[in-house]
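Some structures are shown below for you to check.
Below are two complexes that have chain A in common, paired first with chain B and then with chain C.
And now, the complex of A and B:
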């Protein structure tokens, strides 16, 4: 009898979390899937349209395709501005030198700020007339390089990527810093005794051993790029920038569902985004797990 | 000491008991609107304060949002979330029709008939407030959606006159540019309604009001790529090519552009009649005036204005209809509206308020309204939002130097699924 209770005890502990998950994640997700087959304004009668919303999304909705491409660009950009930048700073600040602990706190500070405040702050930095960047360019005689960074389709995604890096770079720094501290000092010491330079120690010792963290960092970056919303919403003027050049999938879903009251179509877009993120993330994790490196 | 403490406790208890029934009986009226700044914001605060004083059983709980947020996701979200406001602001026309078709708006005919409340409004105000012959909005004011405001001191310095024709307007811009000024301050960030509305007016002037209406209703045989529409947006493209606007039009929002006009960083500024209210608070010393879009060689009425009636609606499901109606009666009373006109210089939909204005620009607004042979509805309030925003995108592209024909073809593609 006692053994029977023991067998079910773990499930009892999981039950509350499972109930919350089913009620607030699984059920809404399945309900959203149901909505995606209707023409529905979020209010009033629902009309069954079958796969029509999906056909439009995958076929003729050029703005959705552009938004998807922007999400990918944003992801690729944040690999550099968040992950690579965080890794570099973590490596540099892992040395036991004075002031470095203070610098680590400094790099992490943007993470505690509200994204709305960050968005507004950087909107002013990029401002075409009174912005810091254009003022600096003018101060060094490069007025011709000045532009409306958030108003130019060529620069709008890059501008948000930089802001995102400024915000999340500190988080990834912390992640990698913890990983670096976990690596036995003897490994680097041995390499140093063998005459390896600091660069070689980083590329041949530290970096390979950080691989499990890198896997997680890239996954966070990928899923984060599709969860992005508020920074784009604030910096690109209620999302989208000039004529959708800064549109991302999340802002386009928001507009379809709430601005244009096309809840069914918005639901279909959300389903597509969810499938893309879940399938790609799962495949990525399975592939990464096969190449695990232990030390 | 202990006795004093006990007495204080009992006194507080008695006060609470006395106040209890009053607090419990008080009705909280949720009021959603888009008035966040300018002289009207100040006047509205005062009007609400007076209402609450005269109706101690009713408390107004405001939910004020930026107009762009309010128009796009703000108000709609309140309804979708099942927390509709009791009273809410709305732009007349398509948005009122939408609210009615969604079942969000309460019919007001019966209430307006009581005590001849309806007779206190200008008869011209009802078109935008009526759907299927029934009234759903209490008219509040008349917005002219686009005028060209100008700095009168700079005009005087160069002996410049208000242009009558588009050619004169272009010459004027060139003169100002040659003199080292930025001729026009424009801010079109976000969905792009400021330049989109002006572009809409230009289209109506070129192809005619009826054709404009058909175009935005996506009537059979219409297309954004029609030569007349391309020609209208070509007028803006020409101005962009000649460098008549500030840089970064699509990255500066409407309020920033307005402030740059107030700070004399540009000589002219195309925006609606609400600039008067903003200027009264933010630039009271500025000597400025305005004119309607000059005449264009086109098929439309060249005296037309672009504008609409704005007003307030009561939610169909509001449990406080009577209290909401009381508040709207107070808000649109002659006394409150005279106070508003005096304070803001804006046009009221309530009769007997015009002579309360002290701002000289009020006369100008009245003159334009009276001289207008036709009133053209702005795309975003007169027509379905998705269509309006596709058109606004085209105007924004033109402001970035993209060829009008290409921009309009892309607008056609964006709304192809709606045809």
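And now, the complex of A and C:
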């Protein structure tokens, strides 16, 4: 192979992509680390403060801790609303019945909408006066249960979790559906002939074989919880809601850096978040791979 | 296929109902744009009394949606062209050519799959400001291209690796250079994979919010997601206007999905499974 090929030619193929990627992702990502040791308002001189930003983030910044807790709550919630929901639909829609291929396509539709449109739309579904949910509650005589779903610290995260499930449920459905299709039909058929119920087939045959996909799905949920920004920003009034009850790490970083002009502090929060996400994801993948080997 | 049993009909009916319930928020948005505010307020569930699209053009004009739409088109189409070009060149080298540093460079790009935007958005903002790009289209096009590269290179690398080498070998014997092999042989037979990454990049850049909010403050270059968000801020109690604007902005996306759903589903799920 490679007769008469200049040994530098391959680099010409890679170079354009590399330049753009390094300049606009990698270099800023490393530079962010440097920023985190400074006090800087975004213009004027930068003042070196050592570990002060980190001490503050891990020590006195209660809202950052609350935001972190909210990220974890959101993650736990989306395991139900996105992963479990998607898995259930995938299993039900995997039967070779008419309509079902069309329904799978339909379920996926929200994935192409922008989070901005979805966030605004669902703000009105949860709206205290014109909201679909409250007027439904009123129609069935449960006015007392009505509330401002996005204005109540008790329900704000759950409300976003449900909207998230509406958006990403179809995505996880198709992930699991692809996995289910790869399972030989003979396995389920054999169980069915032995008189197993559909529930038994799901729990004892389908579910264990979907484990590799489940591992990925949970990872996507976890990293997704830290990538989430748009939906929270739109639905909780620029990330916050009452008493920061809807604050997540991503919204708090953006407020610190771009509303309070604390670039260095925002950068430190971003470093902490990145370390948490990368370390936990790596550990999780190593752990789940080891488990698979033990089988 | 076996004949359907009553259980199958129950399941089909249940799934159909669930699907309708899932679709209802979008349907509600569309028909609420035909109801006066008074009716939306008194009975949000009720159907409109008449079919009308009268507020659509009004929302389009007062929301400045035409401008934002054009800006989004410019940013998205340029981003897609750049992603397809740069990613296919790089992925071809990673899949087919031998050179020192191939593996490490490939993994460098893959690292981009896990980095959250918050990790680099602050220095990126400063960089773009120093380059004098804030409020210009490149302030979005360049970062969107950079963000689109990892997944695109990943998908194309997997695709190129499955192609038979015979054609390339024959062309090489005929004296074809690498760039000619890439452009005359690899590109034409990779259209499905290229379509997948193009559509992925298009959806991502069309819907991107954070960078668009931070890097563009000028109405003349603002893109649709931020434009809609500002529209929402202005007309949050003019429900009919708001729903008209949202519906107008949603229709192109739904049409896009109707036409390209196979590629979209392929691109969005295959990438995740191979990670």
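As a convention for this text, the second predicted complex is superposed on the first by the 267 of 295 C-alpha atoms of A that agree within 3 Å, B and C clash if a C-alpha of one lies under 4 Å from a C-alpha of the other, contacts with A are read in each partner's own complex, and residues count from 1 in each chain.
One rule holds in what follows: contacts are C-beta pairs under 8 Å (C-beta built on N, C-alpha and C of every residue); 3 or more make two chains touch, one makes a residue touch a chain.
On a predicted model such as this, the values are computed, not experimentally measured, just so you know.
Q: After the superposition on A, what does A:90 contact: first (chain B), second (chain C), both or neither?
A: neither
Q: In the superposed arrangement, which partner chain does A:57 touch: chain B (first), chain C (second), both, or neither?
A: After superposing on A, A:57 lies clear of both chain B and chain C.
Q: Using the superposition described at the top, determine whether chain B or chain C touches more residues of chain A.
A: Counting contacted residues of chain A, the larger count belongs to C.
Q: So, does A:258 touch the first partner chain B, the second partner chain C, both, or neither?
A: A:258 contacts both chain B and chain C.
Q: Would you sort A:10 into first (chain B), second (chain C), both or neither based on which partner it touches?
A: Second partner only, chain C.
Q: Scan A:66 for contacts with chain B and chain C and give back first, second, both or neither.
A: neither
Q: Just chain B (first), just chain C (second), both, or neither: which does A:205 touch?
A: In the superposition, A:205 touches no partner, neither chain B nor chain C.
Q: Who does A:136 touch here: chain B (first), chain C (second), both, or neither?
A: Second partner only, chain C.
Q: Which holds for A:248: it touches chain B only (first), chain C only (second), both, or neither?
A: neither
Q: Mind working out whether A:214 is in touch with chain B, chain C, both or neither, as first, second, both or neither?
A: So A:214 meets neither chain B nor chain C here.
Q: Once the two structures are fitted together, what part of chain A is touched by chain B and by chain C alike?
A: Dual-contact residues (chain A): 42, 129, 254, 258.
Q: Which bits of chain A are touching chain C when the two form their complex?
A: Counting only chain A, the residues touching chain C are 1-3, 5, 7, 9-11, 13-14, 16-18, 20-21, 23-29, 31-32, 35, 42, 89, 92-93, 95-100, 103, 105-117, 120-122, 124-125, 129-132, 135-136, 139, 166, 169, 171, 174-175, 178, 213, 216, 220, 223, 226-227, 229-230, 233-234, 249-250, 253-254, 257-258, 263, 266-267, 270-271, 273-274, 277-278, 281.
Q: What residues on chain B touch chain A, complex-wise?
A: Of all residues in chain B, those touching chain A are 68-69, 72-73, 76-77, 79-80, 98, 102-104, 188-192, 246-253, 260, 265, 385-386, 389, 393-394, 396-397, 399-400, 407, 410, 413-414, 416-417.
Q: Taking the complex as given, what residues does chain C use to touch chain A?
A: 1, 4, 8, 11-12, 14-16, 18-19, 22-23, 25-26, 28-29, 40-41, 43-45, 82, 85-87, 89-90, 92-94, 97-99, 102, 105, 108-109, 111-112, 114-127, 142-143, 145-147, 149-150, 153, 169, 172, 178, 182, 203, 206-207, 209-210, 214, 224-226, 228-229, 232, 239, 242-243, 246, 249-250, 253-254, 256-257, 261, 264-265, 268-269, 272-273, 275
Q: Mind listing the chain A positions that touch chain B in their complex?
A: Touch residues, chain A against chain B: 41-44, 56, 60-63, 126-129, 147-153, 237-238, 240-244, 254-255, 258-262.
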